[in-house]
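Structures are listed in the sections that come next.
Shared between the two complexes below is subunit A, which has subunit B as its partner in the first and subunit C in the second.
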Partner chain A sequence: MKKMKKNTSGQHCCSLHGWITCLMRNKIDFPVILHSDINCSNLVFKGDSDVNTLGRFFCTNLSEENIIKGDGTKRLEECIDAVIGEEQPRDILILNSCMSQIIGDDVKGTVQKKRGKSRTRIHYRETTGLVFEDPKKVIDDVGYLILETLKNDNSLRDDRERRTINIIGFENYVAHNKNDLRGYDPFLEELRKAGAKINTTIGPGSPISDWKKSLKADININFDRRLYQNVAEIYSKKHNIKTIEVPFPAGIKQTLEFFGIVNEKLGAGKDIISNLEKEIKEAEDYLEKHKNELKKKKIIYNIASNLDFTIGNSAKEGLLMLDFFKELGCDVEILIQGNPEEEHRLAVKNTLQEIGIEDDFTLFGHCGDGYKFIDGSSDTIVYGSPLLKEQAERMGNRFIHYGEILPGLMNMKHNIDIIIGKDGY
Partner chain B sequence: MERIAIYGKGGIGKSTISSSLSASIAHSGKKVIQIGCDPKRDSTIRLTDGERIPNVIDTSMAKQNDLKKADFVKNGSLGTDCVECGGPKPGVGCAGRGITKMFEIFEELDILDDNNYDVAIFDVLGDVVCGGFAAPMRKGFGDKIFIVISEEIMSLYAANNILHAIRTYEYNGIYFAGFIVNLRNNKANLDHIKRFIKATQTEIIATVPRNKLIVDAEKKNKTVIEQYPDSEIATRFGKISGKVLGIGKSKVKRPNPIDDVTFNNVMLGE
Partner chain C sequence: MDIDQFRIKHSSYVAMHGAFVASHCISDSLIFLSIGIGCKAQLPHYMGGHELENNFVSRMGWAELDGDDIINGDVKKIRRNLLGQIERNIANFYPVVISPVVKTIGMESLIENTAEEMRRETGENIWMARLSGAESDFWEGYNSIIIAFIESMDWRSKIEKKTVNIFGYPFDRYEMEHRANIKELRKMLAKIGIKVQAVFLSGTSTTNLQKARKAEYNIILPHSSTIGDDIEKITGKPSIYTDIPMGISNTRQWIKQISIALNRGKRQAQEYLDEQKKIMEKFQGEMKSTFNDVRVGLILDLPFIGPMTSLLEGLGAEISYIIIRDRYYGGKAKLERILKFYNEKLSHIDIQESPSNDEIIRLTNENDLDLVIGSASDISIVKRKTDAKTMTFGFPSYGKHYTDEESPFLGFEGYKNFTGEISDILNGKDQR
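Here is the complex of A and B:
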């Protein structure tokens, strides 16, 4: 009997769903037309629906008749005309669902036909669930689109200040929660001490008002090497804001490296180390105090791999913490979900090397097989996507999800506390 | 009820053969329904005196929940009933979904109840380009499949593809019952057809020669059965229809579709 391959579900998203989620979180202020059937248009009501932003979404509501007869593009034309007629917006975005792609609706041609007929700029993105789409690429593309809509608004670039920076790659919900002591605020404070004036933070959940504000900055600091590559390009080309890439500042070593780069790029001319002496000392002391406890801890990365044998960007982001865990003295093991075949092993190895990781890793067949690596010990901590939390905890292991390790020296206490499982963490 | 599906390359004469078989079977006293599964909606035109009947897709969209059998099942000549699926204009939409939709409507309205008809003939669009056009096979509507071919090589190429589709869906109980050769030229060399039949382990059940009376009848939007009932060709269709109805699953062999390289070799006689 022919041996069947077990396929695990792909770690990727429906592009339309991803776009809608991002646009909703970004609280976009331009109209979006979904050329889709009514079920796909319903995606706007799922997850992060925002009442005000909901009103920015329109749908052609393709019927079965439109699908069979292929006359849905007429509805799209009517919808574009109606939105332009009513609002005369500066920009409109057209997205489409799988159905229109399967039946071959000429959405691109229809959009082309409408372009130049009014002052409204019509943007189109082909968004379907039929092709592999990495969620982080969607986030990047949405950011690019937002910046594209802002490119001719010169007023947004007035009063640009020297040494003012945007921090790119933050999980915005944390950065904006000023009352959350586990948030990024301590790190932002350190950054100020390093001579930088923070203009705004930009992340997947940043509202469009922050994107607009970001155009007043002098420079972008991006510490997520996998996020916002296109965004960085359009900042540079259309808005004249350069982006510098820096390592994620977790732990003492990486944080100081980070501040060193920032300081050099901004030309602040200050000695950061002397400015942060107190913070460095406290971080070092706390690490020394818990050295023995940390040595007992084993961090297990549990990473899913995509259908094209690469690992997802969230996981890559998580892997950027590898050196930090080692700095703490923890034992680290990398488990990657996937068939243990040479082709797969090589693809994963190459992906890891791209982000500078030469460590060995173990491939395991599917989600269930991962259990055998998890020993039920409270000293073993699974580090992975939040989706794995329940699974790991059910097996008796502790769990830390990507994004829980926070940047900066003052966050060392927080980071160590979650690893040693101190009360409250 | 006999459920017969007629497949074959576009323009090969499926509608002519289907309509002639429907007319001939109806002429023998059986109750027949012919279903055109082609967005061109001209399968039954020779049974309706050239009248374009309302098609299932347009009618169902217009009537929504109020759809009735009489809205799209129309009387044709010699007591036949006629249905046209309908579908999109060329180059747009999804004709395959249209055909699938029609079958859903058939099920809802019990159109093909055994008590309604003795024979149902499905005249299906050319090549099996996607799952929708295999709906008569997939859904078990047309369980006895015939393929119309001619001496043209491409008609055999299409036939071979259709044999692949039959093999794919044979778990539904469908079976290939044989080829009907619709000759373009009565003097054509048919050696390549013989080689193809041998290679695919199939059979020809009937040959329809090029005939002036068929062409004349079609010009008048009639079948040759209705227009020239006493002609030799009408009698021949009577015999073919008897054969079509007489073939059962136990009498046919499972076809063996061939790959493209073998097909080319067979055509070249190698």
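Here is the complex of A and C:
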């Protein structure tokens, strides 16, 4: 059995949990069958979920009798037949669980047996909590499956738009179900001046309609080449859309680098600097004006285990904004939730070195103990996952959520204001 | 094969969920999850939004067993991580639970032995909460935490006469509907000269729960009726089984029953009931115009169905369908007997056990319902696909919180408050 990859700073996960979370947020339009007892069906979150998406999920609801007798695959066959009989879907996805693995159900064989008996394409992914998985891999696998379901749909590629890009990772982390781009308008205007426009955004929170739309773009840009590796391959091989890595466009330096790469790849031939002269000057002036205030600020940059399968805590191990905070002159401390034992510490150190980060970091074991590493000073701000929000506020610190730092030059004002705690922020 | 049986059920919480909620409802308890990583992730997911106090995350520990641990029966992670939790020094009670998978593989005894060994080694209150497997129920898990806790107690104590414990109060979050209910229960019993030592569960500490040893009797509410015999055996105190004091007649009956069983305060009880009767009947009369011919659907755990049905029918509403959420209290056959006991004419109601989401929508639309009462996960379906008004009741409850206003639904005060809340919903003044 495959062990968790040790050199990771992010949280490991149950792949079934990751698959279901991403599929729900992607608002999938094909049926998914969980081969499981009812316990795992609770991973399909029922609280405020979209009812139409909820209705895409089915479960074999294995009984004690199925488990003892070992006739779970019969139940799976019945479920596949029932769903295909009722809906005649183009695609159907089968996921398994710890329970079906433990009792030794031959899910792969059952799926194989059913394939070709109808016009429905039956996909199967081995998902389980018995093997710890890197959330980045789950995000990639789900994206790959979605593209696979679209691969024969040639109509989607008829009207490709020139000089358009798909951005992987511009999802609104706060309301990730909505793929909301509010606050991104100034950046989109700057991007236009740099000779490009966004076709759509792709990520674990993008609805399937955006994945369909993504096939009309010129290129994909990604903030971490280790994220969506397989997705990048299918875009390239099947849809002739290349994926390039760029820095996250927060701050002046990274934003200009971002525009430079995009401009070059699209061959837009624009003089970016002169086109953005006004925006660059305003951003520089605002930074200069608040330089001294920013120097006093300490950012506790938290990488936590909220397992929400977002780009925010997956791309570059969740540290996408590190260089941005440093550019502003803030003191940054990295605080990582994870097993504080030496073996893990070394693994985290290796991972950070792989992505070019040499900074020291603190590991804390229990996600409820993060507050012990927060000093309560009014100049200390915690940036990161919502799990630490309550703890930061309890200590009297301000908290900035993943996704509140906005891209682009014109958003420098917003970003600086949020850090210095200007009225209204 | 009917596709409905494969749809994701509106209510499919298992014992592990109930145990998690129950442990959270003992204020200095830390639940230790000897389970896999996916199970661990889903538990706080359901509490988030239901419970505004976020400290349930702090008061959970986990082993994150993987395939190798489970197949090899390796408890090293359990020992190491549980010791880590003890070092955090934030809890006085450590219930240990397992998932259906861990149960199926046969690791339960091994983990129970480990818990016992660690209890001896550390002197900490570490107890296994025994849960059944794949078809277990939320309330089974909830009650298993109560059993684990009372097993951990030393019950030798001098008994204080005229005092009782209450078992089976379904506390599920630290908000003012529960606080007010507990206050109301204590107040009503105080009126007949009976003191409550401890309420299981009530969001209180282990120290307060341990006062239970001094009680003379245990009152067993329906949510703990299935463990009443165990409670009697472990505590050595006689059990008095009662219904939930919800609605006028049930509350009156509850007070009378306890007064008679303890042979205490019969005169005070009669005086109190006479006084309340006048007030409540007047109130009921005033409310009837709002409820007359209102058609209601109930999606509830079985113990609440009888009292709620009786309360609403008493106001002139008509119950069109009842959906039993749990798989633990005896199902349709038991409910039919209960409803018959309440009122022969209630036996006409359409009762369903765990229907599909589509079926709930169909029942609501075909019966042209005015109101559906159920948990957030039940009514989220109703809200989006029907025109019926909805009221959140029970676990989980995401849309409505009681943070500063006492909002009981039990006892006489509860009757007025709860009826008023439904009335506001029917009149469009409140939507939840």
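Everything that follows uses one rule, which is that the second predicted complex is superposed on the first by the 352 of 425 C-alpha atoms of A that agree within 3 Å, B and C clash if a C-alpha of one lies under 4 Å from a C-alpha of the other, contacts with A are read in each partner's own complex, and residues count from 1 in each chain.
Just so we're on the same page, a contact is a pair of C-beta atoms (placed from the backbone, for glycine too) under 8 Å apart; a residue touches a chain by one contact, two chains touch by 3 or more.
Quick caveat, the model's predicted, so the values are computed rather than measured.
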First (subunit B), second (subunit C), both or neither touched by A:Glu78: second
Partner chain(s) touched by A:Gly376 [first = subunit B, second = subunit C, both, neither]: neither
Which of subunit B and subunit C A:Cys13 touches, first, second, both or neither: second
Of subunit C and subunit B, partner touching more subunit A residues: C
Contacts of A:Gly356 with subunit B and subunit C, given as first, second, both or neither: neither
Contacts of A:Ile67 with subunit B and subunit C, given as first, second, both or neither: both
Partner chain(s) touched by A:Gly116 [first = subunit B, second = subunit C, both, neither]: neither
Partner chain in contact with A:Ile102 - subunit B first, subunit C second, else both or neither: both
Contact residues of subunit A, present in both the subunit B and the subunit C interface: 64, 67, 102-103
Subunit B contact footprint on subunit A (complex, rising order): 64-71, 102-105
Subunit A-facing residues of subunit B, complex: 57, 61, 87-89, 91-95, 97-98, 101
Partner subunit A, residues of subunit C touching it in the complex: 1-3, 5-10, 12-14, 16-17, 36-39, 41-42, 45-46, 49, 54-55, 57-61, 64, 66-68, 70-71, 84-85, 88, 99-101, 104-105, 133-135, 357-358, 376-377, 380-381, 384-385, 396, 398
Subunit C contact footprint on subunit A (complex, rising order): 1, 3-4, 12-14, 16-17, 33, 37-49, 51, 54-55, 57-64, 67, 78-79, 81-83, 85-86, 98-99, 101-103, 128-132, 307, 365-369, 387, 390
